[in-house]
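So, here come the structures, one by one.
Shared chain: subunit A. Partners: subunit B in the first complex, subunit C in the second.
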Partner chain A sequence: MDINRVLDKKNYQKYVKKNMPKSKFLKECAMAFLVGGLICTLGEALDDFAEYTLFLDEAGIGTFRSAVLIFLGAFFTGIGIYDVLGRYAGAGSIVPITGFANSIVSPALEYKWEGYILGVGAKLFTIAGPVLVYGISASVIAGIVYYIIGVL
Partner chain B sequence: MGTRVGQKTVRFDKMPIILSTAAVAGNAEKTGPYGSTFDIVFDDDLWGEKTYELAERKMLIKAIETAMAKAGLKPDDISYLLGGDLLNQIISAGFAARQLGIPFFGLYGACSTMAESLMLGAMIVDGGFAKYAACATSSHFATAERQFRNPLELGTPKTPTSQNTVTASGAAILSSTGDSTYPAVTYATTGRVIDMGINDVNNMGAAMAPAAAETIISHLEETGRKAGFYDHIVTGDLGTFGSELMLRIASDAGYDMTANHLDCGVLIYQGNELMHCGGSGCGCSASMLCGHFINSMNQGTIKRILFVATGVLHSPTSALQGESIPAIAHAVSLEMGCGS
Partner chain C sequence: MNYINAFLVGGAICLVGQILLSKTRMTPARILVLFVTAGVVLTAIGLYEPLVEFGGAGAEVPLTGFGYSLAKGAFKGVDESGILGALSGGVMGTAGGIAAAVIFGYLVALIFSPKTKK
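And now, the complex of A and B:
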């Protein structure tokens, strides 16, 4: 028996695409909105705390908020909770800065067995690397555009 | 000696028997519906070792040792160890063979390795080259994740077609002599590599279904058997969606297997929604065969199965370079009342 005689590639791919189990779009969006919103609300609360209790200036508030959220993202990754959250929240926990912390800490935990230089050192940015490369590149381009607009 | 009966199928005339089997499994498998069928289970993914790779190797060694112990054999009695796993350079199998000291054939058939090893082992034993041969394979969720996917603690959701790599190992000892109270390997159908152009690495069931269908239908055509001849046609890890596709392809070709088809990937985590389409990995079909199915044959509740382990032969590199996923399926026919 030759499967290629009874099954057409294109038709099969079409059939698979049409019939495969799909993501529950609405439910997942709602979860992402809820969890992402909660993380951002926590950020707002940290801002207020920094402003009204710690009396920090504007730059200080931003630094305080980011530092605490990154710490929390790293901490909950370390104790094995962040990946469980991510399973349900999707983009809601990936997009905020806590997700960025998760993307750095998870390879750090994972590759420690391969050593601190060629394991952790080399693999630390496997997930976050592309974001950094294109984020920084985009900021440089934006800077050049601003400069040119300023000169003109 | 064996006889070739078709393009892909051979018959074993001396009918090597499966003298003993053993299955080792981790926590998620232990708490599943077949948890009680495994010989050894453990809770922690590291199983007291320093790395997950070491834990996987330990599983494989324990499975082989337990199967040997059940048959009353020592490593020196076994002429060949045939085995493989999912890790680069099949390190679990190679390092296990280093410890056991049995002459070793390393195999890579991805998740089809259990059937591949049984088939080749049966050829060796049937050909008179060994009295005993050991066939074994393993997979570990954590080692597979870190090699094929993302770090374990990365918080990204899985897609609905994804499958969970099973943490388990299975080993079987083949023997040239034994009576009809043991399951015998009667036929083997070697699969071709089939690629239908599926390139979603999170939808391996769809990549493997056509390969499974071709191997099963070829087996039935070449042996002249009907699908109903077998109590069960047991596929390895097509998962829920892959099983649907395979049954559909087979029924379009005129073969109805809905009544007796089972899939190890569907069974092993049945009822656990977090596993999406089910289990996968070499250890999935290996532990289900070496645990539940062989036990059931030995107890007499089932008499004949066609064991069809399915595997995908891509790598993370080929996937990143945009290549589609080639798949393979190997079938071995296991029957009671045939041993010599």
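And now, the complex of A and C:
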């Protein structure tokens, strides 16, 4: 009886070790897919609204969609809801542009006590800064390569 | 149908992010930088445009879509004004989004106070 119980305990621990991270991983993936997909579906709805109700052109639709989603991401970060969502959604709340807005507001709020210039003003770009540096640099390089290919 | 495509493509892109997050322990900052850069590169080699055509906002809302807009803007700039367009086009194409991020981020940070982490 006792031996069985010990074995069971051992097996149980093995079982936990083997299965816990995996099922946790699958759950994380499912949540990321679901939440990320839903945020993008909301983006698609905003596109439709911009196109058929506001009659915006292609550039206007993109700007409208981005601006509304960024506003929502920033606002829900401000009232503390976005970070709760992030705990469940993982990358599903990080990768969409609402997550970009979250990455701007979060450090700015956290370092507000350092003042409005080096606190809020500077920390807005803690993560947005690198994103802009690498994104814009890559786009300039891509543009130059595109130009050279066009000239050749 | 558009909504289903947007859900699937957007979800799949976020799933890639989650796999990186869970399996490589990459920080969110690194993932965002990687995704925006990947968006530029994939657009430049012509792989991202079909994804946008199929998934719509599903491909444009994730940060790879920001890279897509940057690259598309740079190409448009080159088409319209040559080599200098490579410099101005990317930011021009995304100026609205960047300005929205700055102003909304700033206003929210001004109005709200930090939440204590539980």
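In this section, the second predicted complex is superposed on the first by the 129 of 152 C-alpha atoms of A that agree within 3 Å, B and C clash if a C-alpha of one lies under 4 Å from a C-alpha of the other, contacts with A are read in each partner's own complex, and residues count from 1 in each chain.
Note that a contact is a pair of C-beta atoms (placed from the backbone, for glycine too) under 8 Å apart; a residue touches a chain by one contact, two chains touch by 3 or more.
Keep in mind that what you see is a predicted model, and the values were worked out from it rather than measured.
In the superposed model, A:L132 lies in contact with subunit C only, and not with subunit B. Of the two partner chains placed by superposition, subunit B and subunit C are both touched by A:G80.
In the superposed pair of complexes, A:Y12 makes contact with subunit B only, with no contact to subunit C. Looking at the shared chain after the overlay, A:K22 reaches subunit B, while subunit C stays out of its contact range.
Comparing subunit B with subunit C, the partner in contact with more residues of subunit A is C. Legend: residue contacts after superposition of the two complexes on their common chain; A:S103 is shown touching both subunit B and subunit C.
In the overlay built on the shared chain, the residue A:Y88 is in contact with subunit B alone; subunit C does not reach it.
Applying the stated touch rule to the two superposed structures, the overlap between the subunit B and subunit C interfaces on subunit A comprises residues 28, 77-78, 80, 83, 90, 94, 99, 103, 105, 109-110, 126-127. On the side of subunit B, the complex with subunit A involves touching residues 50-51, 146, 150-161, 194, 196-198, 203, 206, 210-211, 213-214, 217-218, 221, 240-241, 244-245, 249, 252-253, 274, 276-277. Of all the residues in subunit A, the ones that touch subunit B in their complex are 1-4, 6-7, 9, 12-13, 15-16, 19-23, 28, 77-78, 80, 82-90, 93-94, 99, 102-103, 105-107, 109-111, 113, 126-127.
Taken together, the subunit A residues at the contact with subunit C in this complex read 25, 28-29, 31-41, 43-48, 59, 62-63, 65-67, 69-71, 74-75, 77-80, 83, 90-92, 94-97, 99-101, 103-105, 108-110, 112, 116, 120-121, 124, 126-128, 130-132, 134-136, 138-140, 142-147, 150. Residues 2-3, 6-23, 28-29, 31-33, 35-37, 39-41, 43-44, 55-58, 60-67, 69-71, 73-75, 77-78, 82-83, 85-87, 89-91, 93, 96-98, 100-102, 104-115 of subunit C touch subunit A in their complex.
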